[in-house]
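Across the two complexes that follow, chain A remains constant while its partner is chain B and subsequently chain C.
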Partner chain A sequence: MLNNNSQIEEAVNSRYGPRASRKPRRRLLPFLYLLPSALLLLVFMIIPIGYTFYLSFFNWNLIAPTKEFVGLANYVNVFTDPTNQKVILNTLVYIVLLVILNFILPYFISLIVNFFIGKMKGPYKILFFIPSLFSLVVGAMLFSWILNPVSGPLALFLRDFGMKVPQWTNSGAMAIVVICLITNWKVFGYNFILLLTGLGAVPKNILDAAALDGVPKWRVIWNIVLPLNRGVAIYVFILTIVQGLQYVFTPINVITQGGPYYGSSNLLYHTYLNAFVLYKTGNASALATVTFVIFLILLFIEIKFVEGRHKDAD
Partner chain B sequence: MLTEKRNWGWHVLLILIVMAIMLPVLFMISNSFKTLQESYHAILQLIPAKPTFSNYLTLNKQINLLRMVSNTFLMAMIVTLGKVATGLLAAYAFQNFHFKGKRLVYFIFVATIFVPFTTVMIPNYLVIAKMNLLNNVIGVALPQMADATGIMLFIKAMGKIPASLTESAKVDGIPNRKIFMNLIIPLLKPSIISVGAIFFINSWNEYVWPTLVLKDKSSFTLPLALQNYISSEGGTNFPLAMALAVIMIVPPLLIYMIFQRYILNSISTSGLK
Partner chain C sequence: MMNFRHGFKRLIGLLSIAGVALLFAGCSKSAATKTTHITYWHVNAETQGGASVNKLVKEFNKTHKHIKVTAKFNPNMYQGLMQNLQSAQASGKVPDIVQVGWAFTNYFSDNFKYMTPTDAAQKFDKSKRAITNNFSTQSLSFAKNAKGKLVGLPYSLSTPILFTNDSMLAKYGIKKSSLGTWEGVQAAAKTIKQKSGNYGLYIQEPADTWAQQAMMLSNGAQIKNAAGKAAFASAQGVKAYQLYQNMVLKDKTAIHTPWAQGMDDFTNGKVAMAFTTVAQASHIKQSVSFKASSQIAPTFKGNKLTVPVGGSMLALTSQDSAKQKAAWTFEKWLYKNDSLLTWDKGTGYLPPTKTALDSPQFKKYLAANPMIKPATEELANAVPWTSFPKNGLDAEQDMIDARDKILTGSNVSQTLKAAQEKINAQQ
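Let's turn to the complex of A and B:
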């Protein structure tokens, strides 16, 4: 390909001279470099968003040759159907748990590692990150082993104390907690590293000056470090929700399939269920569009605060 | 200096976290070398008394292991090469050219990172099915390639190359194609390695698209094969499932051991805008 291009270019150059050929080429050239990415994003991202939006106004089963136009019925259904309401509520529970486990917890630990332990950061970074390398299916398998009520190691351990591991797959609430713990196992180290890097960028002299004035360390962190690290923190916070809600899909599908009675399902899993198990394409598309709008709002929050940080720094 | 004395308390906490994270993995490796019976009776014995390969052999009899490893490898390789190549090209366009609507195009590209997979999965499934690429490695790789993270990371890496370098090359009349191939690519090698490694690991572990696109068992990737060994009703043969999981984690671990510094550097900077 490249050889061909150069031959063409040489041919063009020899005929018209380099000057003449350069100008129109120059204008087209950046788009040539953009073309492969643009095509991929257009075909598998941007057009699909539009098509999903289009499908959300129809009743369809993914296969039938005709679609029935139903107006806003699918959207009304999203907010009035009891199952959908349950799933939306579950999504909020997921968000709260994910933020606690995958944002607040790693943030707390990254503060400790950055300010309270001196020089031993390296090994913790390397070790914490390891589960990020592994599939969530592996995580789902490991946790269903550890928490197996009959034969799991935790059950055997608790048996000595006369206690039992509950049948957590029979309870939506407990299943949600376990599913969030599985993603926590995978994401903790990743988010820890992002947050630690942000803390490393806080100027040392500010901290030294505060320390000289005898200001207690936790107050320095609360009043100086956290505000300065706001940009990175908000980035990780948004990432935790956006990525987390997509990450929980895997353990849900592997362990509970959203059950019992949609108790561990969320907006994204329910979309998948409607689309590829129940073949209610219109419902699925409406749910997907609502999810998209929520994520779009999160994106704008991220832009606003990360841009804000830039202005602060300047 | 004053806090130095209390350090050990924090280290205890951090080591407990390391154990909570790593012990399940270590027990998984250990149990994959135990018989089903031994895994029940000696559940917390980290070193198996009589290590056995029987789980791996059984696995190899029950499923076409080699085929699934090669399916997964091929898919991850196609996705990685595709994303690195298209990402580098697009990053070069954003970094080295001025054109109308550049900011808007960049914004739209990067915003696609925030699109949940559920919003695009139905149309993408229909397109892949129309192209007759269900149960096909290309069909499962294509939707994964539509990802702008590479563009973002490569732009950051290119930003560290002094502008004077490319400017002077342009003044000398060297065509962009040569600046890109002979100047930018060699200078970006560390970044290409780390981003490529991250892409490979992510795709190796990918679950969503394979679930949708690969229905035929002979086209399965490893995460789908492992899922088949996990029963939601209990009764999972864990030593067997763990043997398969061990096979799954070896390639990412090896890549991490070799490129650990590059990978952690790339991850770190991805958060800093």
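Let's turn to the complex of A and C:
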């Protein structure tokens, strides 16, 4: 309630922007409002990241009272150790597969559902979304059973047709594909809904105008819809990489434990293995820092690339 | 004026909330002086004996008014428990009694604060031998660290045994008596493969090399020599692994797959034999639709049976004297024959004490569950699970890596030698 002139004045000030007469106390207020989130961010994000960076210069088993300073040795190890090199390469393979399965594929299907299918859009949304409600542990166990090459239902079914399920747990490449498929089962629906919603927001008058001009549908999608839906697409793309690499952790842990011989491991799982199985916090922190930097670079390249194209188009 | 009144009201409100909070805090403090609360960390999921942990804890709490035990399940077996204990120690809030897997004996004793059973007996029972008298010297040796100090008391014992699909063996004319040696197992697996196309053998492959170590030990190999150095890359060790590799890659009669899948393959009747822990007995009994049985672990021709013991010990991690006393009371109660039988029936483990092993109740239980019997017979040939004095967790990982490499085709001798050198460089 505004019950005196000064309060009315303040209300006007706050509504119409800053004035020279504003009191310093008022200027502090926004920071005060931000304080709770900033504190949470500081305690749970910034300090741990800083501490991880600090730990990456030491050898420490998480318990011993002394930490042995080793300089850059842990970083040298990240790039020279053959196991780490294998894990970095696997991570890149994971990224490529995840982008295909969890970004390009749902984008393609959401385009089909939005522009080429008239009916049943609702049921498609629900059907695709259902798996994302299940836990990944359940998914991993379910797929491990279904795809068991010797006694799983798929193997028994294929046997009737004289075919076999390969021993995918013995091959790093095949294990990576299966693990990505499990993640795809979980993530597909969510990404699909996001992309479909984005496509639904493309202004109808532009599409109608293009239809009146007789522009072919694929050109409408390529030249109008995709550029207009870029914001959502970038978001899903980033989510696919950053969240996808975290999501694959569960099936790796449940099914292969990174095996055979680190064949299905990735940077995140290997960091976990070093930190909480072998208790080599130094190595783990160096790996975590490298992963952090790789993510930053990926995001930077991606944004730069897309932003650059955006400016050209303008 | 109004602002002041508003602020005053708020202050009164806050003060009254604080007052009530203090009152409740006071209540809980006064209650705590009466009852000692302790936490027991275990690794038993609901289907792996978790129900018996809860039953035991409930019964103890009912009969002991001044002690309240809370059981906490730790996923991911002993490794998972160690990880949580790491974090607990870092945060300064440790549990009071924990299960420690044998492979972690040295790691645990080097890095955590604990009270030895001998000290606990001395302090609370005024008698050093009251509890240890109940164990055989051999079973106590499982719970000793590299310096020969008793870290905890053996609680769960298990040994690897050979489970067989008797229906399948009978169908293809394989005599069970031929499976006493690994050479016999290899020949039987070949017959199965030729006649049915099914796999002959699965050897468990969890995140440890316990079963593979049993194979090497039963060919007269050592995993660790008297000086505490890795010694498995000997001619005997290489020969044992070579047979395993041949079965997987050359004969294609043994299957190389993660543990859960391998056990599914056996219980679904697609693999004739499974070399795994006795703790799988109840799962196998419940899941198979064929006649299954078990027998003593095979040895290599001309060699004596030697198996590493699996399972865990109980260790006291309490730091507070009252809690230590309560935890010790609880621990002693867990070693009573009745409690041990509840535990062993629920988990499939073998009792660690002489009196429980010889008790008529356990004998009756064995008669009803003959698949467990070979494991109890193996106890006389059991040795402690190798726990390297330094960097033991790394050493176990190096042995897992070697297994992965060998089963995907690496040269056995070179791979074992490399793993041995890597482990010894860290000792």
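We take it that the second predicted complex is superposed on the first by the 255 of 314 C-alpha atoms of A that agree within 3 Å, B and C clash if a C-alpha of one lies under 4 Å from a C-alpha of the other, contacts with A are read in each partner's own complex, and residues count from 1 in each chain.
What we mean here is this: a residue touches a chain if its C-beta (ideal position, glycine included) is under 8 Å from a C-beta of that chain, and two chains touch if they have at least 3 such contacts.
Owing to the predicted nature of the structure, the values given are computational and were not obtained by experimental measurement.
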item: When chain B and chain C are modelled together on chain A, clash or fit; value: clash
item: Winner by number of chain A residues touched, once chain B and chain C are compared; value: B
item: Touching partner for A:Val277 - first (chain B), second (chain C), both, neither; value: second
item: First, second, both or neither for A:Pro260, with chain B first and chain C second; value: second
item: Chain B versus chain C as contact partner of A:Thr169, first or second or both or neither; value: both
item: Chain B versus chain C as contact partner of A:Ile206, first or second or both or neither; value: neither
item: Which superposed partner A:Ile297 touches (first chain B, second chain C, both, neither); value: neither
item: First, second, both or neither for A:Asn148, with chain B first and chain C second; value: both
item: Partner chain(s) touched by A:Leu62 [first = chain B, second = chain C, both, neither]; value: both
item: First (chain B), second (chain C), both or neither touched by A:Ile104; value: neither
item: Footprint overlap on chain A, where chain B in one structure and chain C in the other make contact; value: 62, 141, 144-145, 148-151, 169, 255-257, 276
item: Parts of chain C lying in touch with chain A, wherever the complex brings them together; value: 79, 83, 86, 89-90, 111-112, 199, 207, 255-258, 260-261, 264-265, 268-271, 393-394, 397, 401, 404-405, 407-408
item: Residue ranges of chain A in contact with chain C within the complex; value: 61-64, 141, 144-145, 148-152, 167, 169-170, 255-257, 259-262, 276-280
item: Of all residues in chain B, those that touch chain A in their complex; value: 3-4, 6-7, 10-11, 13-14, 17-18, 21-22, 24-25, 27-28, 40, 43-44, 82, 85-87, 89-90, 92-93, 97, 99, 105, 108-109, 111-112, 114-127, 142-143, 145-146, 148, 151, 173, 175-177, 180-181, 201, 204-205, 207-208, 211-212, 222-223, 226-227, 229-230, 232, 234, 236, 238, 241-242, 245, 248-249, 252-253, 255-256, 260, 264, 267-273
item: Complex contacts: residues of chain A adjacent to chain B; value: 2, 5-6, 9, 18, 27, 29-31, 33-34, 36-38, 40-41, 43-49, 51-52, 55, 62, 109, 112-113, 116-118, 120, 124-131, 133-138, 140-146, 148-151, 153, 156-157, 169, 185, 188-190, 193-198, 201, 217, 231-232, 235-236, 242, 245-246, 249-250, 253-257, 267-268, 271-272, 275-276, 281, 284-285, 287-289, 291-292, 295-296, 298-299, 306, 309-310
